[in-house]
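Paired with subunit B in one complex and with subunit C in the other, subunit A is shared by the two complexes that follow.
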Partner chain A sequence: MRQGVRTTTASTSAVVNCCHFTMVALGLLASFGTTAAEIDPASWPAAWHQPMATASELGLTHFQQAPMLAEQVAAGTLPPLQQRLPTDPVVLQPINNIGQYGGTARIFRSDWDKLNNLEGPLTVDPSAAKILPNVIERWEYSDNNQVLTLHIREGLKWSDGSAVTAADFIFYHQHVTLNTELNPITAPQWVGSQITAIDDLSFRYEFPQPFPLLINIMAQIGDYMLAPSAFMQQFHPAFVDRTQLLASIYAQGYVSWMSYFNAILFWTRNSQPLAPTLRPYQMVERTPIAEYYSRNPYYWKVDPEGNQLPYIDKIRAEVIDNADVMAAKASTGQVDFAAFEMKTQDFPLFKLGEKTAGIKVLVWHRIHGSDVIIMPNLTIDDSRLRTLFRDRRFRRALSVAINRDEMNSVIYFGRGTPRQATVIPTSRFYAQEFAQAFAQYDPAQANSWLDEMGLIDVDGDGLRNFADGEALTITLEYIDFETPKNISLELVVSYWRAVGIDLRLKEVDQALQYNRATGNLMQMTAWHADRSTDILFPWQPQWYVPMHIGWEEAHWNSWSIYYLSGGARGEQPPAEIIQLQDWWQELTRSAEPARVTELGRNILRSSAENVWTIGTVGLAPQPVIVSGRLHNVPAQGYWGWDNRWTMAYHPATWYLTQ
Partner chain B sequence: MSGFILRRLLAMIPTLLIISVIVFILIQLPPGDIISATLASLQQQGMEVSTEQIAALRAQYNLDDPMVVQYLRWITHFVQGDLGYSIKYQQPVNTLIWDRLGYTVLIAVASLLFTWALAIPIGIYSAVRQYGFGDYFFTVVGLLGLAIPNFMLALILMYCGYSWFGVSVGGLFSPELAEAPWSSAKFMDLLKHIWIPMIVIGTAGTASIMRVMRANLLDELSKPYVVTARAKGVRPLKLIMKYPVRIAINPFISTIGWLLPTLISGEAIVSIVLNLPTTGPLLLQALLSQDMYLAGSFIMLLSILTVLGMLLSDILLAALDPRIRYE
Partner chain C sequence: MSSPQLLQDVSSARLTWLRFKRHRLALASGIFLVVIYLTAGFCEFFAVYEPNSRNPRAIYAPPQQVHFIDPVEGFQLRPFVYGYHLTINPDTWVREYTEDHSQKFPLQFFAPGEAYQFWNLFGASRHFVTVPDTGYLHLFGTDKLGRDIFSRVLYGARISLSLGLLGVALTIVLGVLIGGLAGYLGGMVDNVIQRTIEVLQSIPTLPLWMALSAALPPHWSPLGVYFGIIVILSFIQWTGLARVVRGRFLALREEDFVVAARLLGAGRLRIIFRHLLPSFMSHIITTATLAIPGMILAETALSFLGVGLRAPIVSWGVLLQQAQNFQVIILTPWLLIPGVFVVLVVIAFNLLGDGMRDAADPYGGSNSA
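Here is the complex of A and B:
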């Protein structure tokens, strides 16, 4: 049998059949039709795509506050609203209508920051393609892009009423980021950086090399750039007596001042002291059952009628360990918002809840370029596998052997986009051919490439052998979390078996995944291609360029190690890989927009042609469950780390009715 | 008596010492450590952590020290009542465990009472009416309870609780009352929720206790002293309760000590399914993430309670059964 082809084995076809069965059951849910995975930007208010307007621009002069705060003002425990709001408050446009004050939102712990999202120096627009001002009102780069000058919005206050000033950024940079006890290894973006105050509200960062991407980082993880310095200084040995500080910390059971400092700053303690915040809600306390948040009386954003946000008074975030219990609670309307732990495969359950419990099931799209990507290890020690994996025909053959349309309908109810791993369509680097390269199902083509490579089934077991007759078996080690990896890979096993490739799956423990991936020991692994937007792709293109070592990628770790260690360890990559690294280096330093786009596209084109990683289905549907009493949640959105899930959709404007 | 207790207490010290060494080694055996597991959860959220940072973190938590040094540091703190620091939860272990202990004890005691209140009378009844309809009936029900996995029963009862009585899924309180101070309404709410874990955790134990009680009592019922007493015309109820039941119940007294460790190990799986704020899920998480101080201190507490429980059983047994002698 020259072409070693067999349809499916009993076990894998059982999986497929079972999925088909689910599909049939789902076909009954008529309201859940198929639509494109791309979102029309017009579905969000036009104001969200622009820098946020301020009260003076809209002619707002009168402001109102929540009854809960009005009581405290009347009782004299809180200053009046005018003294709490900034000089010119920011105005947020709710997506549907002006909300009403009050209520306690019930959510799960993992969604706490989805409702109480960060207020970083900068922020992103709903398409995750543009960077917008937030705490920082204006910024300018110097001509050489080595100096970034930033101006803080006037009159902002932390939730304890203290002013937000340049000192808060300087404290964080000098005493947190560059403190070798808190952060023994300086993050790469901060190596050699300096910060200088210009006045109370202005300061500048200086870098030894051009760093135009700093604003991306400020928009995405900007919460790690400022802290309420006046408050946090009392827990920092640079400002108080170390011996006394340590004595009180040890007495509370903490092992170091760093663990205590972090517990206060990042709210991992159960009770006060907890750091004041710029977020819409301040953490109050944590019990084994739940976390409690209460509105920030100094929150600095208002709605177009001058009502101080947020609308909701309090949040109760329940701590639940079991994902099934969470799905059950969400589908029966016992929480107001649930998304992070909600699984794509539970859509049928949620749709049932729409009828029985009055919940709303919104379909957002995960911002991953591909929900599951498969990575053959190009630097594996086994020389035969290495030769095989490095042959471009082999990777292309594996790619076209996958029936992505079927995967899309079986796993994602037709709501995802069959594609390779590449940036999402809102990106400036996007080109349709990158997404579709070798993504069409063509088993005949796959067979002919594999035959051409001399991988023939010599023993007649229906599976191809190496040219020397040895059995060819590939082991894919993976952990099954976040995206539906298990079922996706089961399908891939059956597709590859159909072209005679014997793939064995091995689910491993998280610690093992880490050790084996970073140790270059895996033949193949799988992950999800996050960082596929204009916010993070230019900064962390780890799927497309060997520039990072982590537990998530195992396709070229020896090359990455070589690059990161400056050639001291690892293995020297071939010229075309060095070219990729050079392009990326230039991209991170270039300020010429046309050149940046060109460099990004070069990298992505190489990935499309060479199929460094094998993508499956991208922009997958993410269930966002909203109870009947929560309003103003956008019907569509991009869901993921790049845009911090809900940051661009302004959860402070969401409100509850009874 | 006091000499006996003292001897036993002294013998515990080497036992616990050996346990502590084994526990410490076992926790560290699997590949990876708490840092790689913590990293897993950080990266799950998308946080970037580099290889160098991991090494630094490891040094900060003294994970690079030789295992002997780590062990000595842990055990010397432990005997002083400092259970260590949980790297996963970023909190002192003492806080974590005490927070959850109250509910754990509450559920353990409630389900224990439920088990005994149900199992002992039924066991007696089954023995006295051996091979009667009731005996068969309870045997079947009891074995069903034994055979159905706890988590399954928990899921079914949760479903019934929600769809028939509107009791919220999981937890011990309705959300609106959870943060309220104690009141009669909150107490009623607790009663509305606690029956599910009570039944779920209780049923598994019920069947075996029922069967043991029945078997023990049957052994006694055919003994000559019972026949004699019966021949002398002692009233049946008084006869059974006063002599054979007292003897048949001994095995339960001797296992009462085993209950102490379950007070804190809880029923981990049931607690996870039912989302109960007990210590069981905490222990499971600690073991999964190799959070060694949390897991190690937890298991040491369990071991201490087990050893103490055994002693307690022996003392109780001796007190209740005059035939037993101290050696």
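Here is the complex of A and C:
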């Protein structure tokens, strides 16, 4: 308790210092006074930045459990606590104080995994810059980085009481990841990989090439690397008779054993059987209006006083599909935690709720390097547009024509950071000049570059024409999804119109976005630049290197396809792009930290100079709504896919009062 | 002079006008509508800004108050507005605008302001009312991008009001033509038309409108969508009028005055246009006048639901679509101002229609409406 209080005090003063510094340094946000988009790491407990301590290290010998579980132990339906906890339980430091047991947290369905976050083999620190142990206690790479040996924490149990062993990883790798019925296309990182048990708690992965980034993957999507094998084998045809299995599955209305298997493992069924878990809560039931979760009696983390976590007994995750209704419920305190569906523009509404409904509105920052990035298609079939888009002056001109400070003030209340798409400042690859390259507002410069390119307004309509006099219009297709793309792009239209570029917006639906983006049919599209941290940037630098195709990007598909197909399809990229791909290839295999940093910076420097994509405002404020009765939620945090939203902020330590 | 003599002396048109003038509400509504239609027609001149001009200094700014009294100089004849002083309240995150008394923008009438293309014909920059270049004038406040609501309401009026008129014109043509055919020809033709009308009327209108508008190709130009919506709205509306016209034709065909005209040797067309149509002109006028607000409301409803007109076209429905969520009521209620205009125009048209119905039948017995 005392420790918690001390931490808080220290962090408050640190926040103030940080703000002063940033304000003086930038001077941009002066009119808004109080915050900057960068978060001081001292606002979180020091313990969160380190591998989690264990009970023996802190001298904890005595453990308590929730009253709800004590009753079950007394009734004989549950083994005593000492038998359920691992040999040396993990100790989590709550950010403010020791919590109290009980209560049902009310949330929306989309926030279920924010409160009941994954327990992967590894995890990340709150700055999303460091990889920390979790289920795996320690790991060693071989000298050539081709073999990774891992050691599971001793005595861990799934929520049904069965032990967590190397067999759980081996089952997942051999019978899920590499099973061609469940996964017809093996993810690239697993091609040619092997897994071998060393003993009950140790095993190793082997790869045909060095793979030092495997630990990043284990930290970010590690929930796709292990499963309760003893339980799941009942539903897998490699372990039970296929005919019998299929007969029972068809009787339940499933069309294949794969869909049944996945529904059990990923909790998309309405009732039991549902796979046991390592998460703080086990799913109990699902109805059309809500999902219900109950505490995992075998959860393996405790607080510094030896209380088994989580503090909260149950979760009720309500299914609502209307964003306005969700905003209304959140702002009036009808849910205990809401964030995923909460919109930046609704901050004033939530703030009103602070006065009337006693909620707390926390300002986290989205982990996106740029909340909206604009991607001109460098490999579009239309040869005139392609020539135009490939001209660096054109991309630079479009970039400096955007008034990012105004966007920041109009859309983000001045609380974002005007910048290009690049990694966030906590990254080892970050350099300020990458973030600020061609991010200044300079329409005169934009005009002079465009004039220089021969794009002149010949018909006097205020819009530039191609050199041959044809009208120049660009269509940007997008979906208004997750970040405020609509209003951002509306502003971009007016900035570009001011320098004579005619941009037309077209909102499309999700299926069309997928087909047209992956089909190389879009002239331009927009997305948010996630994957901008040390966790995901080295592994998926898709905004900066053509190495991936998907619905979120359309800036160089033909080059990506060429790369992914080994030159069989697509279009051969120019030398400087091949250089990018080579740098990235080397980065994924290099074990030498200095070299990795250098390669990452090379890639980002190229992006800064060439403006492959056009960034707007990054580290945007994300409303995190907390009811008056939910405590221990950090006041600041990074919000996004890279760090799985709340994973590093330990939702198991959050608690409810009445 | 006794009134019976007078009744014979004055023409029916004059009588209609006299009768109409007695309905004061209708008269006032008529004047209001003339004014607002003129304003809409010349909205480039009456608006302060173009509908898509943004003022980054005023995002979600409330309406400016027009002042006559200066704290220093006292009363002055030329009205003025104060500029905004913007602070983002660190507690509420609300953009708070207060009047900045150091910035005073006098209103200038018939003065040059933002340049525009009048009816796409010639360039001009004179506005009915504007403020000097350094200032800004937002009589109805601004929206999320700092666009002037007053100007957008006027540009929206052009679209919404003209759409009502054009739609009703199309309705009348269709209704009189098809209803006339049914009534005059009767028999099989009448039967087919009547059944078609019944089928059309049995379909709930809003879902049908929505389905038809959703079917408008998304790549159509804004003007194409505009005319598409007009056709869609008229597509349902003509049925009611056609029924009335047909019924009237059937009834009047056998009236004594028609028989008399026929016996005197009048031709068919003369009978229809000289004797039949005038006798139910009042019906057509009333139906038409009452149908215009229906059209305006329908367009507003469709655009509000996001299946009617789309940005960059500005109509009242498109404006109201931005005011759709409840946050607006709490934080930015001035975004609802276009709704006030919809209500006023609809009421005015109903009152006008009421007055015109009475007036169009000047020989009708009762004085009451």
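We adopt the following convention: the second predicted complex is superposed on the first by the 624 of 658 C-alpha atoms of A that agree within 3 Å, B and C clash if a C-alpha of one lies under 4 Å from a C-alpha of the other, contacts with A are read in each partner's own complex, and residues count from 1 in each chain.
In this text, a residue touches a chain if its C-beta (ideal position, glycine included) is under 8 Å from a C-beta of that chain, and two chains touch if they have at least 3 such contacts.
This one's a predicted model, so the numbers in the text were calculated from it and none came from an experiment.
J.: What does the overlay on subunit A give for subunit B and subunit C, a clash or a fit?
T.: These partners fit in the superposed model.
J.: Answer with first, second, both or neither: which of subunit B and subunit C does A:239 touch in the superposed model?
T.: A:239 contacts neither subunit B nor subunit C.
J.: Should A:490 be classified as contacting the first partner (subunit B), the second (subunit C), both, or neither?
T.: Touch partner of A:490: subunit C, not subunit B.
J.: For A:413, using the defined touch cut-off, is the partner it touches subunit B, subunit C, both, or neither? Pick first, second, both or neither.
T.: After superposing on A, A:413 lies in contact with subunit C but is clear of subunit B.
J.: Name the contact category of A:549: first (subunit B only), second (subunit C only), both, or neither.
T.: first
J.: Looking at A:348 after the superposition, I want to know if it touches subunit B, subunit C, both of them or none. Which is it: first, second, both, neither?
T.: In the superposition, A:348 contacts subunit C only.
J.: For A:329, is the partner it touches subunit B (first), subunit C (second), both, or none of the two (neither)?
T.: First partner only.
J.: State whether subunit B or subunit C is in contact with more residues of subunit A in the superposed arrangement.
T.: B
J.: Compute the least Cα distance separating subunit B from subunit C in the superposition and give it as a whole number of Å.
T.: Superposition on chain A places subunit B and subunit C at a least C-alpha distance of 8 Å.
J.: Pick out the shared contact residues on subunit A: the ones touching subunit B in one complex and subunit C in the other.
T.: Residues common to the subunit A contacts of subunit C and of subunit B are 324, 328, listed in rising order.
J.: Using the touch definition up top, name the residues of subunit A that touch subunit B in the complex.
T.: Touch residues, subunit A against subunit B: 106, 183-185, 187-188, 252-256, 258-259, 262-263, 268-270, 287-290, 292, 316, 318-322, 324-325, 328-329, 332, 334, 481-482, 509-515, 518, 530, 540, 549-552, 640-641.
J.: State the interface residues of subunit B toward subunit A in the complex, per the touch definition above.
T.: Touch residues, subunit B against subunit A: 30-33, 36-37, 39-40, 43-46, 48-53, 55-57, 59-61, 82, 85, 89-95, 99-100, 103, 158, 162, 168-173, 175, 178-179, 272-275, 277, 281, 285, 290.
J.: Mind listing the subunit C positions that touch subunit A in their complex?
T.: 52, 54, 56, 59, 87-88, 90-95, 144-146, 218, 325-327, 330-331
J.: Of all residues in subunit A, which touch subunit C in the complex?
T.: Listed in rising order, the residues of subunit A that touch subunit C are 31-34, 324, 327-328, 345-349, 351-352, 403, 406, 409-410, 413-414, 487, 490-491, 494, 506.
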